[in-house]
Every structure is written in structure tokens, then in C-alpha cells.
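See structure below.
Order of writing sets the chain letters: A, B and C. Residues in each chain are counted from 1.
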Amino acid sequence: MAKLKQLAELVGGDVIGDADLDICRVAPIDQAQSGDITFVSNPKYLGMLSACKASAVIVAPGVDAPGVNLIVCNNPYLAFARILTFLQVPERVMRGVMAGASVAESAVVDKAATVYPGCVLGENVSVGSGTTLYPGVVLYDDVSVGNDCILHAQSVVREGCQLGDRVILQPAVVIGSDGFGFAPDGQSYYKIPQVGIVVLEDDVEIGSNSCVDRAALGETRVRRGTKIDNLVQIAHNVDLGEDCILVSQSGIAGSSKIGNHCTFGGQAAIAGHLTVGDNVMIGARGGATNDVESNQILSGLPLMPHKQWLRATMTLPKLPEMRKEMKQMQKRLEELETLLKEK
Amino acid sequence: MAKLKQLAELVGGDVIGDADLDICRVAPIDQAQSGDITFVSNPKYLGMLSACKASAVIVAPGVDAPGVNLIVCNNPYLAFARILTFLQVPERVMRGVMAGASVAESAVVDKAATVYPGCVLGENVSVGSGTTLYPGVVLYDDVSVGNDCILHAQSVVREGCQLGDRVILQPAVVIGSDGFGFAPDGQSYYKIPQVGIVVLEDDVEIGSNSCVDRAALGETRVRRGTKIDNLVQIAHNVDLGEDCILVSQSGIAGSSKIGNHCTFGGQAAIAGHLTVGDNVMIGARGGATNDVESNQILSGLPLMPHKQWLRATMTLPKLPEMRKEMKQMQKRLEELETLLKEK
Amino acid sequence: MAKLKQLAELVGGDVIGDADLDICRVAPIDQAQSGDITFVSNPKYLGMLSACKASAVIVAPGVDAPGVNLIVCNNPYLAFARILTFLQVPERVMRGVMAGASVAESAVVDKAATVYPGCVLGENVSVGSGTTLYPGVVLYDDVSVGNDCILHAQSVVREGCQLGDRVILQPAVVIGSDGFGFAPDGQSYYKIPQVGIVVLEDDVEIGSNSCVDRAALGETRVRRGTKIDNLVQIAHNVDLGEDCILVSQSGIAGSSKIGNHCTFGGQAAIAGHLTVGDNVMIGARGGATNDVESNQILSGLPLMPHKQWLRATMTLPKLPEMRKEMKQMQKRLEELETLLKEK
């Protein structure tokens, strides 16, 4: 619980209304009750303010809502996220290495860390302060995990991989599995040893059941602040820039280099050995088969400007009809040609 | 082993032939041997009856097969499934909490449940009667699992999530991982805490390595009887109706609401914040980018009626040729126009 | 460390230059330093040889590089892989069943095997010589694992499934989960018991978070030497041939039969109950909806020859423009027709 003025201070906003109000919870605008704070970041929902039962609302400057207690700030969505964290996320209590965890003698686990039952930590592993390893986390030999990380249940980090600070792995993430590399040997395939590693820089988050493969040689790197959703594939030797967003079931093939601030939609894909610039948005199920220059919004396979793709796909259902019309036109053309020849 | 008449009774069918025959096993029609029962649900396989070595065959009414022992019933495929269950699925023996499982003191596990080694159950967890947790299942704090559930190895249910009765999780399913929500903060992304839960209602089944994310606020819900295949993504705040079928590698983005009796093919996708009605079939790799009304069979991206999509995609390979023809037609048009002007 | 001549002998190649040179490491051509060996398999990189700092280079016959120590052999890429294995992959030390593993009494684990903490092995399991089970591997009852296999952390093999020799499972692979089979029962679905198994033949490798479902009846089989990448779905009763390559996020639906030496690109898919011949390449995101004959390179949905697909997709962005032009042509045609009628 907090006073409305405390929350305003937390997010650098101003209170309009009762600054001493007690706020207990954050709720969506259509479910909020007395004691709740809610937010409006999209102007089209401002009409819901009058019927809203929340005790207070976070809004952008310029909103007129007489009789409603407001926190006015520049980024209501961000403010909502910060207040939600403050009010509803319990502080983690660090419990040390719990019974039922298996930790190699040479592993170093900070005292202010938590290792749940069922975790297995190999030789020379290091785990930083404030980090939590939920049940069933497996760290192979020589893995290092920084401070204030959260590794959820069943996530696996294979040998030698390095995680920075504040990294979050959702359950069942696999970091450092072998890259998919084989040398054809006549009929069969010879496995190319994958002796590189994976580096996840600070503030990276990876979703459930996603995979980041270790490099063949050298490293696969996911740079600071990048967020990866569930069931995403990052292949060996990929270099993925800072503050990127990869939506669920997307994938990046081997050795591709992605710039900063890129966003790839669900089921999108980047072929191997490509270079993608900064600030590239690729729509859901888009597929890059060539290098992509910076500052573009693209969709489709092959990629094209998003607006062009919208038009192209709107035309797609009309293709059979177009084909039919073309055949009719050809007939008419022929008739005209015959007619003219005759004259 | 059972008498043929017992099996007929089980499925509400009638015996034609030797009702006292002993049946040991269920087998496909082309592999069945003496002692086996098989089935024909598709009339095009009726021709195989004469060569079939099975001791008995489950068929629909109206099948004429002199000399073959039959169970005649309205739904041979369903009858096959029921008889298979009866003859070949061993009853589960409940063994209690086995050595090597880690159960918090406040957790309540019914006596008629099984918890295998390597399971970890957090505070205030409840596990119902007849439920089996295979090795490595992790239930975070405050999870409730109903009666007669099967949670296969390595499946994870995060804090506060609720599973009804007869829920089946295949191995490595993740329930309740954080939804993918971030508030842009200038250059970087601020994590929006995901403080909601997941509810899986009765008779839901979820396939290997599939994920159902917890809600940001409120709940993600999968309703009674819905079956989800492997590697499927259900994002935060989705509301997925009753008796739906989601085939492998499909995905539903955040906050979408799906009706009852929908079927989504492999790799199909539903964008975020959409409403899909009841009885909607979306073909493999179809993609919904707008709301979808009830009672439709659709395919493609964008979605279109399935038959139209079939025609459109059949035309696709002819596009380059069409373009070439169009250019030729344009030339011919110009020639005609010139000719006519001259006249 | 090895002498250059030793390495040449290992790969059946010839040394040009200093055969007694000491080689410590394998490195990519642009990062190699003194003491390293590197390779050139693609002639377009031969220009980098002059600036390369490696002590030696593996090349194909006919390369002219004065002053550079060379191993000359027919398949430099394969030679690189073999030398990398020799120089950099440490031999596995077998440690037996370690404390913290749970092994049923009736399970038979070869003395020359390793079972890490957190593994759980059911009744009648057998594990062969030279096999390593990393932490958290779960083998259900009656599973057999051959010799020299590597099962990485959290991989699961369900009841009765059989793995040959030298099988590799990357972390969190699921073998033998229930196939996705349900019989409609009016409104709801009745689960068809999946009582078959999975067989992985010798030298199969399966990537992280991939799934191979058990058969309804009979078996799902992945044949010798086939390599499967991460997040791939193999449905029940699939028969997947020898020496196939399935790239990440691809999938094969139920009961399809795939020949030998097939390669399926990322996110490609094969519908159910199809037959695909030998030596079929399907490009990334290609989708087979009909049987496919041997010896073809195909792409798209529906599948078409790869080159045709390239042309068709290059035309796609021009569709709206084509439609517009067609309407203009129709107008012009009408005008001509009117004109001619008048004359």
C-alpha cells in the first residue's frame, strides 16, 4: 500500500486530486475497484474514465477528468509498470543453497543467492549476489551467472556460457546447446564440434522453451537489454544487438548479425549469414533472405515495405479472378486483332 | 483380455458373429493378427476387410462382411479409442510421495497421488487424488492441481496457477511463465511485472514443450476440454474456449479471445487483441490479423475462405507467367491503339 | 597439441610446408593466430589467405599459396571438423551413477556410463557403455539407451522408447510424448491412447526442445544418421529416413513417411499421411501438402520447384500494381471495342 503522492513521486508525475489517498493494487481500467490505481495510455480509452471505479488513474498531460484523482506524467504506460512493480512484486528473499541442490565443490555461489532443490551446478560455476536459481536449473561446468539474475525452473546453461547481471531465463530455456553444424561425408554427416560459447549480456530476458545455441568457434552473443519471447531459436554464432524484441516462435539462423533496437514479430525468421541494420521492424512471419538496411518496417517473404506487403496480400485472394479476367482479355484482344486485320 | 461381447457392451455396439471370442489387443487393420481387434471408420478401407487377419472388426452400421466377426456401432473410431483404453492402458498405481521428491511443509498432497523423485513442490501447493507428477515436475508456490491429472516429466507450473481435474501436461510443458510485456523507456525496455495467473480447466491437455504465459493482470484461461499439441504458444491474457484443437507450432498472441470448438492447424497464428468466434477452423499456417466471425473454414495470410485460398495458392506459381503475359497484352493493346488511331 | 603431419595423416591429406609445426587450436580464418590451424572450403575466401595469421591452413587441391603451410585434402570442411574434434573435444570420463541420481532397482546401467545427479531412471531401463546422462535426464520405465550416447540435461524419454548407439539429445528434448490423437465424441474429444513407441536409430541427433511423439499403435521411427535441429516437431507414426537434415522449427505431421537424404529448411512443414521420396530438399518455410517424388528441390506453399518459387515470390510485391494495370487495360480494351463497333 502507498499514498498516491508517493507513487507520483516514484514515477516523476504530478497529482491532481487527493494526494493522500491510499492505493493498494493496480488493475485494468474495466476491472478496477476502490483502492486500485489504473492507467490510460491510449487516448481512445479516455471515454472509459467516467465509468471507472478506480481510486486513481495515471494519465498523460492534457487529460481533463473532473472529480477523478490523477497522476499526470509523460509516459503513463511506463509509470503503470513501475507502480505495478512497486506495489505487487514481492521482494525476493535470498535463502542460500537449499537441501536437495547439488553443487560441485569448485563452484562459487554468492551468499546472497538462492539455489532451490533439484538444481545441479558443475565445476567452476559462479553465481552472483541476488541471483535465484529455481528448482531444476542445471549449470554445466564453467558457467558464470551474474548478479540479480532469475533462472526459472528447468532452465539449462551448458558449459562455459556467460550470463551478465539481471538476466532472466523463463522456465525450460536452453542456453549453449550445440549449434546445428555437420560436414557431409559422402552419404552421411560428420558432427562439427561446437566448441564456442554463448554470452548473454546484462538485462537480457529469454522466454520459455527458447534456445540459444553455442558457437561453433567463438561466441553467440545476445546484447544488453534484448528481450526474447517463448519458443524462439537463436542459432550458433548469431550476434544479436541491444534492446531488440523477438516475438514468440521467431528464429535467427546461423552467423547472422542483427543491429540494435530491432523488433521481429511472431514466427518471423532471418536466414543465415545475413546482416540486419539498426531499428529494423519485421512483421509477424516476415522472412529475411538478404541483408537488411537500417530504419525500415518490413513484412512478407521476400521482405518488402510493410505497406506494400499489406497491399500485396490484400490482392492475393483476387489472384484466381485476375487470372480468369486475363484470359478473357486475351480473347477480346484476339477478337479485336482479327477484326482489325479483316478491315 | 476380454470377450467380444464385453467390448461391444463397453461401446454400446452389437456383435455380429462369435460374441464369446477372446480379444487381447488392438491393432491397425494392415497389421492385425489373430486375437486382435481392429476398426474401419473410413469406408474406403472396407476393401481391406477380406484380407484382414484380425479376430474382429469395429464397423459402422450397414457394413456387409460375411464370415468376419463384427462390433457394429455408430462411431467406430470412438469405439476403437475406448476399447484401446480398456485393453491396453494399465491402471495407474498411486505410490504417494516417493523418496527424492522435495515437498514444502505447507503443501498438501492427496494420499491417492503419486509424486516421483526429482519433483519440487513449493509452499501451499495442493495436489488432488489420483494425480501423478512424473520425475522433475516443478510446482511453484500456491499452485493447485486437481484430481486425476497427469503431469509428465519436467513440466513446470509457476506460482499461483490453477489446474482443474483430468488435466494432462506432456513433458516439459511450461504453465505460467511471464507474459512478454515491456514498456519502452526511451532506448530500453522496462519489464512489466506479470502478476496474473493461468487457469487450465478440466480435461485440458497440453503438448510437449508448449507454453501458456501468465496474465499481466488477471488471468490467462484455457477452457474445458481444449487440446493443445507440442510447441504451441499461448500468450498472456488469452482466453481460449472449450473443446478447441490447436495443432503443433501454432500460436495465439496476447489478449486474444477464442470461442468454443475452434481448430487451428499446424503453425497457424492468431494476432493479439482479436476476437475469434465459435466453430472456426483455420488451416495449417493460416494467420488471423482481424476478428473472425463464427462458423467459418479459413486459410492463408490474410485469412480467406479455405476454398478461395486453395485457388489463390494454386495460381501463385503462375504469377511470373501472368506478369509476362500482361506485358505482352499491353504491347498488343498499344499496337491496336496505334492502328486504330491511324485509321 | 599435434604436429601438422599428424593432422594431415588424420584427415588423409598432404602437407605442403613445415610438417613438424606444432598446432594447438582451430580458429576461423579472420581470427586465427600463430599456433592455430584454419581452413578454406569456399574459394571466394582464398583471397584472405595472404593476410591470415594462422600457422597452417586446410585447403582443397590446386590452391597456390606460397609461404603458407598447408594441409591439402579433398574435403577441407570435413577435415576441419575432424581436426577440431581431435584437438578440442576433451574425452569424456565415465563416472558411473553419481550421488543424487535415482535409479530403479531393475534398471541396468553399464559400468562405463555416467549418470549425473538429478537423473531419474525407471524400471527395466538399460543404459549402454560410454553413455552420459547429464543432470535431470528422465528415462521412464522400459527405455533402452545404446552405447556412446549423450543425453543432455532435462531430456526426457518416455516409456518403452529405444535409442540406438551414438544418439545425441540436446537439452530438454522430449522423446515419446503422446501423439496428438482424439476421437470426436459429439461436442468433446476422447483421448486415443498412444500405446506405441519411438525408435531413434544409431547416430541420430535431436536439438533442444524438439519433440518426437510416440506412435498411437506401432512406432515412430527416426532412421540412422538423421540430424534434427531445435524446436522441431515429429508427430506420431512418422517414419523419417536416414541421413536427413531438419532445420529449426520445422515439423512433420502424423503418419508421414520421409525417404533418405532429405533436407527440410527452417519452419518447413510436411502435412500428415504423406509420402516424401529420397533426396528431397524443401526450402525454409516450404510446406508439403501432397506426396513428393524423389530428387527435387522445392519451396513455397504449395510446393513448387525452388526456382519457380523464387520468381513467383519476386512477383508478389508487384501484385497490386498488376491489378491496377489490368483494370486500365480493361478500360482501354473497352474503348477499342466501342471504337471498332462504331466504325
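Here is the rule we go by: a residue touches a chain if its C-beta (ideal position, glycine included) is under 8 Å from a C-beta of that chain, and two chains touch if they have at least 3 such contacts.
Predicted model only: the values in this text are computed from it and were never measured.
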Touch graph of the chains shown: is it line, ring, star, complete or other? complete
Under the over-half criterion for shared residue numbers, do copies chain B and chain C use the same patch or different patches to meet? different
Rounded to a whole Å, what is the gap between the Cα centroids of chain B and chain C? 26
Where in chain A do residues touch at least two different other chains? 118, 136, 154, 172, 209, 231, 249, 267, 314, 316, 319, 322, 326, 329, 333, 336, 340, 343
For the chain B and chain A complex, residues of the former touching the latter: 102, 118, 120, 136, 138, 140, 154, 156, 158, 172, 174, 177-178, 180, 182-185, 187-193, 195, 209-211, 213, 217-218, 231, 233, 235, 249, 251, 253, 267, 269, 271, 287, 300-302, 304, 308-309, 311-312, 314-316, 318-319, 322, 325-326, 329, 332-333, 336, 339-340, 343
For the complex, which residues does chain A have touching chain B? 26-28, 31, 75, 77-78, 80-82, 84-85, 88-89, 99-100, 116-118, 134-136, 152-154, 168, 170-172, 203, 205, 207-209, 225, 227, 229-231, 243, 245, 247-249, 261, 266-267, 284-285, 313-314, 316-317, 319-320, 322-323, 326, 329-330, 333, 336-337, 340, 343
